[in-house]
Structure formats: structure tokens, C-alpha cells
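Just below sit the structures, each encoded as C-alpha cells.
In the two complexes below, subunit A is the common chain; its partner is subunit B in one and subunit C in the other.
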Partner chain A sequence: MIPEIGHFALIIGLAIAIIQAVFPMMGVRLNQPQWMALARPVAGAQFLFLGISFACLIYAFLSSDFSVKLVANHSHTQMPTIYKVSSVWGNHEGSLLLWTFILSGWGVAVSIFSRSIPPVMLARVMSVMGMVAIGFLLFLIMTSNPFERLPFPPVEGRTLNPLLQDFGLAVHPPMLYMGYVGFSVAFSFAIAAMLGGKLDAAWARWARPWTNIAWIFLTGGITLGSWWAYYELGWGGWWFWDPVENASLLPWLAGTALVHSLAVTEKRAAFKSWTVLLAILAFSLSLLGTFLVRSGVLTSVHSFAADPERGLFILVFLLIVIGGSLTLYAAKASKLESTGRFELVSREVGLLVNNITLAILTLTVLLGTLYPLIIDALGVGKISVGPPYFNNISLPLGTVLFLMMGVGLFLRWKKDSPERLFKKLLLPANIALIIAIFGPMFFEKAFSWRVSLGLLLASWIALTALMWFAAQGRSLWQKPLSAWGAMFGHVGMAVVITGITLTSMYSTEKDVRLDANSGYEVAGYSFKFTKIEKDLKGKNFSAIRATIEISQKGKPFITLYPEKRNYGPGTMPMTEAGIDGGLFRDLFIALGEPLGKGAWSFRIYHKPFVRWIWLGGILIAFGGLLAAFDGRYRRTRKVFLKEKARRKGTMA
Partner chain B sequence: MKKTHLIPLFIFILLALLLYRGLSLNSRNIPSPFIGKPAPAFDLPRLYQKDQRISAKSMKGQVWIMNVFASWCQSCRAEHLVLSNFIRHYKVPTVGLNYKDYGVKDYGNDVINWLAQLGNPYIAIAIDTEGRTGIDYGVYGVPESFVIDKKGIIRYKFTGPIDQKAVTETLVPLILKLRQEPA
Partner chain C sequence: MKARQKRLIFVLLGIVAVMGASFLINKAMQGNFYKLYTPKAVLVGEVPIGQVVRIGGLVKKGSLKRSDTKLEARFIVLDRNKNEVTIVTNKILPDLFKEGKSQVARGILKEDGIFYAEEVLAKHDANYMPAEVKDILKKEHTPITKVKEGAK
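Our next item is the complex of A and B:
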């Protein structure tokens, strides 16, 4: 009964989405305020019914209702509760339902927190969001019904892919989706602005916090995904340039460009059509990511069910949404006149360089991701583009971008003098150079220009951000939140760069054969293999566990227990690495294969500064959060509400 | 309307055409000129036992599979479990041709980690660092699998990652049929 209620709620959701898409927009056209006013309550109703539908699916998983096909295929009675819940989105149908539910959540949030937006604008925004929801709901109902029943329910479910039975993966997809779907708000604002033919500073001020919040979630989601890959996949890597990872990086790059370009549109009324294009691009890339993951066009370690019929549906949907909005853009963009003028040396140009570099980076990553498909479509064969391609392109482009990050903060709007700029930048440039030259000496390793370059860029970004922040006048606590945000964002990036550089260049990775009670030394730590235990029982797996005693200079330091877990027939054995984390280095040991006579193969890693990659990601997201809550966004709302109250007063 | 504003739309249309083509592609049915011909000879060093060699000749007299794979190839990871189960269950001697991987500067010995993690179903792995044997076999890309009969004739070629459907519908009947044939 409950699954049927969920299914029914989904269909009602579709009906509501159609109302949301049609009436407010028609109301604007026919000048019917009541129709426009429908936007708000309808968004609430949409959220309610999709919420019911989602709750029904969660209930089906929690109660292990194997008459529902989805539950039978992805759950198991013996799974811990948290993974029963997370299996809801550990599969195609459920994750789409989550996606749509989150979309309705964003819709409700916009309708609640955007009281300062003129009703015409809000009506258009809500209508566009309604249209996106129609697409996803049709997709769900027509090709991927999560509530499909089985005529002969099995006694036991098929369990969730063991790789996904992990806390990181329970949180990672919702986080990422919040980001993907969040860009639909900026997208809807952009479409609404083009329909109205007006895009001013007020528009940018409405769109900015929403874009920021979506971007924060995406940053968090990517960071979390990278951390998960590191400790769960057992390869000790943190980024693989896998198509699915790229699918999340692409909207992030476009979104980063958008966050910065919105600043120019708000403050200087310039870059208008570019900002609109970026808003379309960020959301389009989110949709494209969904297409790539769901259609099976590209093979990836992450692919769930690949199904060409679904692929065709998403492709048609992409054509309508992206093709439609780009046609609108082609027709209307020239009306969005940019009035702000600026000179060659100005903050506008600095941000332009930032935007162009990010756009090129986005396109090259997109090209690399689709390259196997291009080659295939041309009939030349099937290939995989390896990480070397991506590493080669991101190094020079990243260098340009990161150098500009330091200059950009100090540039003045409109016109700046090169001499003034040069004087300001001399100090951080010199300190960064000194760090780049002498920094590598602290590590007793061979000199590499890559380390110097990485340290140069990281210290340059961090120093310029801190100096700029200090020069913002006023005392620490009176600085605007947006200044705090920019500082954290930039310093976070510096931390990420430091982590990537030092981990990539200075990691030690050893594959060793260890006999019982023998040892091996890596980077001053000696690893001793003392014991192996077989057939340990977990809740829904059996494990082989090794005991490794680690000592430093003869003193016992820590004991790690790397495991290999078996989740039953038909599943790959999972590597559960033993990790001792630290701010400056990680010790990572993974259990390999038995080599006979009590000997086992092990992989031992010493990874300096690897945590900085994720720490930086957290800092960046935190910076975005601070900026989104800057006083001026609330101020516009307060001024508006006061105005409204005053008008009401005079009317009475 | 400015013409430059049409550029994004134009790029998107190209992309959409490409994606449409990608959907309709069936990579499994690329005809190979090698089918019905003797498997090209090779004699390559083995991974793990570099002093030993593996050749096409040494496999004669049995029905075997040559699977072209590499650690840098995502699709190989995707097919590995299905392929391994098939090999184990039907006891098909399978030679792995490690294509442009082991010994290449960018990948080093990644393949050893790769096999340690995913398991090694092969009876022998031939190291083809420069890809010469791959060229002899007309390899388009990785992964590819060749089914070779007792006389050393290539009877079937599968391009792309092997899935369960290909195993049950094509490979298993083919292997069982070829085993009936005289050597």
C-alpha cells in the first residue's frame, strides 16, 4: 500500500509541476496577479507531495519490502540501518527521486526567502523551475519508476554494492545533488531575466546568494567524494579523472566562474550576457553530467545501470532545456546591455581573465571526458584518455589562474595604475619566491621544479589573500562577511594546491611481500606484520584482517588493521585500508593477496600533506558560506520589507 | 541579434549530435578482418616471471581467449568481474595482453596494484609495452577479447567491455561448441 501512495504522490507532483510551469508565466503575460501569486503555494505543494513520495520509498527500504523491485535489487535485511537509508539513493531510480525532491526543496526555499523580488520576476523564476521539474518527473514516471512491484517477491534482497556501504557515500550523493540542482536556481533567474529583457544590479544581488549556496554544496560534495575514493577504494588516490568525477568538476568550474562574474554584474553592471551564459552553462553541465552517468555512453567505475532508452530520454530533455535556453540567449543576449566601462588595468579585466581561464579549463576537461566518445562516433575505435592528458592541461591553465588570483584581489574597479599595483604586489611576490626556493629543502628529497611551482602559487595566493584582507580597513569583526568569504576561499585554494603538490611529488608507495613477523621500513616508520585473522564476521560481511605494528625509531607508535571484506557471492572483495591520519602525513596500508606460506602482499603508502586537499576544500566551502550571508543581501530584504510596510501604512 | 551569441547554441548542437551517435553505437559488432585467420604469432615476456615468455604457439591445442587490457583503461575495470567469473566458471585458459601499460613511463607498474586489488584471472600475462602485438591483432582500443580455437584460428572478436549478456549469449555457447571440434 505504502509504495502505491508514493507512486501516486509522484504523479500528483507532476500535475502540480505543470501548474507551476504554466500559470505564473501565463499570469505575467496576461497581467493576472492572482495567477502569478500562485507560484508560492504551488511550490509548497510540490515540495509536500515529493516529500511524501520520498518518505514512502525510504519506508519501503527500512521495512525491507522486497515486493518493491528497487528494494529487492539494492537492499538486504542484514544491512545496517544507515545503509538501508542510503541505498535509497545508491541506485538510478532512487537517486533521481532524490534529485527531484531536492529541486522542489530549492523551489520552496526561493519562494520563502525571496520576498524582496518583484512578483513578475518571481513568477517567471518559479515557472522555469516548474518546467525543469516536469522533465525530471516525466523521466521518473515513464522510464524509471522507483515503486515498481515484483510479482514474486524474493525472500532476501540482493544487497547494496559494498563499495557504497560507507558513511562517506551515504552523504556524498545528496550533497552533490544539492549543488547540481542548486544551479537550477541561477539558471531560472537567468532565463527569467532574458524573458523580461532586464538585468540590473538588483538581479545580480538576488541571484548571488543562491548561486553561492549551490556552489558550496558542490564544493563539499566533490571534497567528500575525493576523501571517500581515498580511503575506500584502497588505491590511495584522491582523484582519478574518471568521467563521473569530471561530471561533478565541470559544473564546479563553470560555477566558480559564475560566482566571480556575478560580482562584476552586481558591482559594475558589466559582463551581463556572459553571466547569463555562465548560469546556463553551469546548470547545463549538471544535466550533462546526469546524462553521462545515467545513459552508459561512457563507461566508468561509478556507472550504475546503463540503459539506452533512458539515455535517449535524457538527451531529448537536454535538447529542450539547453537548446531552448541557448536559443533564447541567442535572441535576447544583445538586449542585455552592459553599461559599465573599464580600462585595461582594472578589476573587471582581472575577473575577465579568471573567467576565460576557467571557461577554457571547463572546455578542455569536457573535451577529454568526451574524447573516447568522439573517437568512437567517428568509427576510429574505442579508447580511454588517461590522467596524463588532464594533468598536462591543468598545470599551465591552473598556473595562469592561480597567478591571477593574487593580482585580482588588489585590482581596483574601473581603472587602476600599474605602478600602484606593482608596489602592492612586490612584497607577497618576494616572500612567495623565497618560500618556493627554500621550501623544498625541508623535505629530504630530490629537488623538483614542480614542487617549487606549487609552493610558489600556493604561498602567493595565501599571502595576497591575507594582505588584502588585512587592508580592508576597520577592525577584524567589522569587516564585511563577503571579505571574510573571499579570504577563506582563496586561502582554501592555497591549502588545496599545497596538498596536491606535496602529495603528488613526495609520496612513497611500496608494494611489498611480508612474511609473518617480518617488517619493512618506509619514510622512517617501520611496519611489522604480526598476525593475520581469517573469517572475522561483520554484520553483513566476513573479513580477513592483518595486524600491523608500526614503530618509529624503535618506539611503538600505532597498530593498524587493514582488512579485506567479502560481501558474499557475486561481489568484488573490498579493501578496507588501515590509515593513520595526521595533518602533515598519512600512513596508509592495504592488504593485498595471499602469497602462500603465511606471506601476504601489502601496499604501504606514506602520503605527506594529503589531508590538506580536503581541508582546503572545507575552507573554500566555508568561505562561500560566509559570502552568501553577507549583510547586503539581507539589507536589500529589510529595506524592501520596510518599504512595503510603509506603503501598507499609507494605504490604510 | 548578434552572430556571436549563436556560437554557444551551435556548439551545443554539435555536442547533441555526438551524444545521439554515442547512444546508438553498438560497439560489439565491429567486423574484424582477422576472424577466420590464424592468430598472429607473438612471443612476449611474462608479467611476474620476466625471464619466462608466453607465445601464441604454446597455447595451441586448446580453446583460449586473449584479453587485451590495461590498468589505465576504465572499461577494463568495468568488465573485470564478469570476465573473471566467466574464466573461473568455464575454466577458459585466458592470456592477458597488457597493452601499452607495464613499463610505460606514465603508468610504471600500476598494473600490479590493479591486479592485486581486482584479482588475477589470467593464466599468463604478456607484456606488450610498445603495443606491437596489439597492432598485429588490429586492436582499436582497450578492452578487446579474441576467441581462438584449438588450431590457432581466431573465431570471434569482442570489442569493448564484456558484460553478462555477452557471456551467456555469445561466449559460453561459442566456447562449448569450439571444444567439440577436433584439434
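Our next item is the complex of A and C:
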């Protein structure tokens, strides 16, 4: 009964989405304020019904109702409760329901916190969000019903892919989806503004905090995914340029460009048409990411089912969204004349370079990601694009981008003098150069220009950000939150660059064979394989566990226990690495396979500064959070509420 | 600066950006695309020697042999028509690697006709067959026997 309620609520959700898409927009056209006012309650209703539907699915998983096909295929009575819940989105249908539910959540949030927006604009925004929801709800109901029943329910479920039975993975998809779907808000604002033909600084101001929040979630989701891949996949890498990873990086790159170009549009009324284009691009890339990951065109841990019908539906939906919005853009772009004038040396141009570099980076990563699919579709052959392709493009583009990051902060809007700029930048440039030249000496390794370059860029960004922040007048606590945000965002990026540089250049990675009681030395640590235990029992798995005693300069240092887990017949074996984490280095050891005569294979890694990559990701996201809560967004709301109160007062 | 001059500068910047991007892409593409081949392609000499490529196919049952002293493993990869290629690797084989199941190895074919793999992948769905490998194996129709000389 409960699953049927869920299914029914989903259908009601679709009906409501249609109302949300049609009536407010018609209301604007026919000048019917009541129809426009419908947007707000309807958004609430949609959230309610999709919430009911989602709750029903969670209930089905919690109660292990194996008559529901989805539960039978992805759950198991012995699974810990948290993974029963997370398996709701550990599959295609459930994750799409989560996508749509989050979309309705964003809709409600916009309708609640955007009271200062004129009703006409809000009506249009909500209509566009309704249209997106229609697409996804149709997709769910027509091709991927999560509530499908089985005529003969099995006694036990087929359990969740053990790779996904992990806390990181319980949180990673919802975070990422919050980001993906969040870009639909910026997208809807852009479309609504184009429909209204009024693309002034106001729309950018309304869209900015929403875009920031979406971008924070995406940053967090990607960071979490990278961390998870590191400790759970058992390969010890933090980024593989895998197509599914690129699928999340692409909207992030476009979103980063968007966050910055919105600033120009808001403050200087420039880059108007470019910002609109970026908003369309960021959301389209989010849809493309969903398509790539969920349609099964790529083989990976993320693709659940290779169902051509579904792939086709998303592809058509993608074409409608991109085609439709670009057509609208083509029709309206001529009207989007930017009024803000600026000179060649100005912050506008600094941000322009930032945007162009990010756009080129986005397009080249997109090319590398889609190229194998295109070649395959043409029937020319099957290729895969190696990480060197992506590294070769991101190194020079990143260098341009990161150098500009330091300059950009100090640039003045509209017009700046090169002499003034030069004077300001001389000090951080010199310190960064000194760090770049002498920094590598702290590591007892061969000199590499890449390390110098990485340290140069990282210290350049961090120094300029801190100096700029210090110069923002006022005492520490009176600085605007947006300044705090920019500082954290930039310093976070510097931390990421430091981590990437040092871990890429100075890591030691060895695949070795160890006989019982034999050892191997890596980076001054000696790893001794002392014991192997078989058939250890976990809650829903059995494990083989090795004992590795690590010593440094003859003194015992720590003992790690890498495991190989088996989650029952029909599932993949899992590698659970033994990791000793630290701020300056990680020791990573993963158990390989038995090689006979008591010998086993191991992966032994020494990874300096690897944690800085995720630490930086957290700092960046935190910076975005601070910026989103800057006073001026609240001020517009406060002013609005005050006016409203005054109006009420005069009426009484 | 006049508006026209400024526009000119921006257009030039745009052209430089586009040219720079095409140059980068062109350069990055060289040698970084790994084509997927079948064992048959190795035997008829289609696979360039000394270049990084990938070989996909099924691992022959009973062919996996390990060294007694090193990590080294060697195994034979088959296509549907039993064309065989020997693969040698010094890396850990993935959890999903099994005899009789499919794999994709990335590495270099050397003069001796043996494929030296830097990485062995066994990514696949529940049916133990990545779509890629299924596709290329399907295309194989004609068995090739005793053309091993052609490997050079």
C-alpha cells in the first residue's frame, strides 16, 4: 500500500509541476496577478507531494519490502540502517527521485526567500523550474518508476553494491545533486530575465546567492567524491580523469566562471549576455553530467543500468533544454547590451580573462570526455583518453588562471593604472618567487620545475588573497562577509594547488610482493608483513585481514590492517585500505591478492600533502558559504520587509 | 582609448585565446588516446609496436601464472575465436580479475609479440562484461589460426 501511495504522490507531483509551469507564466502574459501568485503555494505543494513520495520509498527500504523491485535489487535485511537509507539513492530510479525532490526543495526555497523579487519575475522563475520538474517527473514515471512491484517477492534482497556501503557515499550523491540541481535556479533566473527582456543588475543580485549555494554543494560533493575514491576504491588516487569525475567537474568549472561573471553583472552591469550564456551552460552541463553518469553510456561504479530507452529520453530532454534556451538566447541576446564601460586595465578585464580561461578549460575537458563516445558512435573504433591529455591542458590553462587570480583581486573596477598595480603586486610576487626557488629544498628529492611552479602559484594566490583581505579597511570583524568569502575561496585554492603539486610529484607508489614476515621500505618507513587472518566476520561481510607493522628508523611507529572484504555471493570483493593519515603525509597500504606460498601482493604508498587537496576543497566551499550570506543580500530583503510594513501601516 | 580600438583589442584577445586553445588541444591529443584492440588485431599486425594501446578480451582459463619471486603475472587473453595474446604485468590485478572473465589491459606491445601492461582493468556490470569488450568481441567473425608470424 505504501509504495502505491508513493507512486500516486509522484503522479500528483507531475500534475502540480504542469500547473506550476503553465499558470504563473500565463498569468504574466494575461496580466492575471492571481495566476502569478499561484507560483508560491504550488511550489510548496510540489515539495510536499514529492516529499511524500520520497518518504514512501525510504520507508520501503527501511522496512525491507522486497515486493518493491528496487528494494529487492538494492537492499538486504542485514544491512546497517544508514546504508538502507542511502541505498535509496544508490541506484538509478531512487537517485532520480532524489534529484526531483531536491529540485522541488530549491523551488520552495526560492519562493520563500525571494519576497523582494517582483511578482512577475518570480512567476517566470517558478514556471521555468516547473518545466524542468516536468521533464524529470515524466522521465521517472515513464521509464524509471521506483515503486515498481515484483509479482513474486524474493525472501532476501540482492544487497547494495558494497562499494557504496560507506558513509562518504551516503552523503556524496545528495551533495552533488544539491549542486547540480541548484544551478537550475540560476538557469531559471536567466531564462526568466530573458523572457522579461529586462536584464539589469537586479537579476544578477537575486541569482547570485543561489548560485553560490549551489556551487558550494557541488564543491563539497566533488571533494567528498575524491576523498571516497582515495580510501574506498583501494587505488589510492584522488582524481583519475574518469568520465564520471569529469561529468561533475564540468558544471563546477562553468559554475566557477558563473559565480565570478555574476559579480561583474551585478556590480558593473557588464558581461550581461555572457553571464546568461554561462548560466545556461552550467545547468546544461549538470544535465549532461546526469546523462553521462546515469544512462549507462559509460561503464563505471556510477552507471547502474544500460537502458537505451532512458539514455534516449535524457538525450532528447537535454536537446530541448539546450536547444530551447539557446534559441531564446539568440532571439534576445541583441537586447542584452551591457551598459557598464571599462578600460583595458580593470577588474572587469581580469574577470574576463578568468572567464575565458575557465570556458576554454571546460570545453577542452568536455572534448576529452565526449571524444571516445563520438568516435564510438561514428563506428571508427574504441579509444580512451588518457590522463596525460587532461594534465597537458590543465597545466598551462591553470597557470594563466592562477596568475590572474592574484592580479584580479587588486584590480579596480572600471579603470586602473598599471603602475599602481605593479607597486601593489611587487611584494607578493617576490615572496612567491623566493618560496618557489627555496621551497623545494625542504623536500629531499630531485629538483623539478613543476614543484617550483606549483609552489609559486599557490603562494602567489595565498599571499595576494591575504594582503588584499588585510587592506579591506575596517577591523577584522567589520569586514564584509563577501571579503571573507573571497579570501577563503582563494586561499583554499592555494591549499588545493599545494596538495596537488606535492602529492603528484613526491608520492612514492609501489606494487610489491611480500612473503610472510618480510618487509619493504618506502620513504624512510619500513613496512613489515607479519600476519594474515582469514574469515573474520563483520556485520554483513567476511574479511581477510593483513597485519602490517610499520617502523621508522628501527622504532615501531604504527600497525595498519588492510582488508579484503566479501559481501556474499554475487557481489564484488572490496578492498579496505589501511591508512595512517596526517597533515603532511599519508601512509596507504592496500591488500592485493594471494600469490601462493603465503606471499601476498600489496600496494604501498607514501603520499605527502595529499590531505591538503580535500582540506582546500572544504576551505573553498566555506568561502562560498560566507559570500552567500553577505549583508547586502539580506539588506535588500530587510529594506523590502520594512517597506512592506510601512505600506501596511499606511493602509491601516 | 577609443571604443573602436578597444573592441579591436578584445577581438584580438579572443583570437589569441581560440588559437591557444586549439594548439593546446592538438598537442595534448598526441599520443594520449589509447585505442582498444582485440587479440586478433595483434596477430594480424594491426597493433603498432611500442605505442600505448589497450587490449580487450577474455582471460583464458588456466592461463594465469605468477612468478615465484616477483609480483609479475602473465596470462593469455582470448577473443571469441580463440586468438591468443600473452599479457605480462608487474601491477596488482584488480579485485574483479578472473580467469574466464573479461579484462582490458593498457600497455605496450613489444617486438616479441608479448603485451606489457601498465594497468589491467576489469570494470564491468553484473554480467561480467564491459560494453566495450562485448562490442569488439561481437565484431570478430573469422578465426585466425597460425598467423602468429604476422605479429611482427
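Structural remarks
Convention: the second predicted complex is superposed on the first by the 648 of 652 C-alpha atoms of A that agree within 3 Å, B and C clash if a C-alpha of one lies under 4 Å from a C-alpha of the other, contacts with A are read in each partner's own complex, and residues count from 1 in each chain.
Criterion: contacts are C-beta pairs under 8 Å (C-beta built on N, C-alpha and C of every residue); 3 or more make two chains touch, one makes a residue touch a chain.
On a predicted model such as this, the values are computed, not experimentally measured, just so you know.
Clashing of subunit B with subunit C is the outcome of superposition onto subunit A.
In the superposition on chain A, A:112 makes contact with neither subunit B nor subunit C. Touch criterion met: A:367 reaches subunit C, while subunit B stays clear of it. Of the two partner chains, neither subunit B nor subunit C is touched by A:201. In the superposition on chain A, contact of A:427 is made with neither subunit B nor subunit C. By the touch criterion defined above, A:318 reaches subunit B but does not reach subunit C. In the overlay built on the shared chain, the residue A:603 is in contact with subunit B and with subunit C. Contacts of A:273 after superposition on the shared chain: subunit B is touched, whereas subunit C is not. Once chain A of one complex is fitted onto chain A of the other, the partner contacts of A:575 extend to both subunit B and subunit C.
Of the two partner chains, neither subunit B nor subunit C is touched by A:536.
Within subunit A, the residues touched by subunit B in the first complex and by subunit C in the second are 234, 299-300, 303, 381-384, 386, 388, 511, 570, 572-573, 575, 592-593, 601, 603.
Contact residues of subunit A toward subunit C in the complex are 234, 296, 299-300, 303, 306, 343-344, 356, 360, 363-364, 367-368, 371, 381-386, 388-390, 392-393, 396-397, 511-513, 564, 570, 572-575, 592-593, 595-597, 601-603. On the subunit B side of its complex with subunit A, the touching residues are 1-2, 5-6, 8-9, 12-13, 15-16, 18-25, 27, 70, 72-75, 77-78, 81, 85, 106-107, 109, 112-113, 116-119, 140-142, 159-161. In the complex of the two chains, the subunit A residues touching subunit B come out as 234-235, 242-243, 273, 277, 280-281, 284, 291, 295, 297, 299-301, 303, 308, 311-312, 315, 318-319, 322-323, 326-327, 329-331, 333-334, 370, 372-377, 380-384, 386-388, 511, 570, 572-573, 575, 592-593, 601, 603. Listing the residues of subunit C that touch subunit A in their complex gives 1, 6, 9, 13-14, 17, 20-21, 24-25, 27-29, 31-36, 52, 54, 66, 68-71, 90-93, 95-96, 106, 123-126, 130-132, 135-136.
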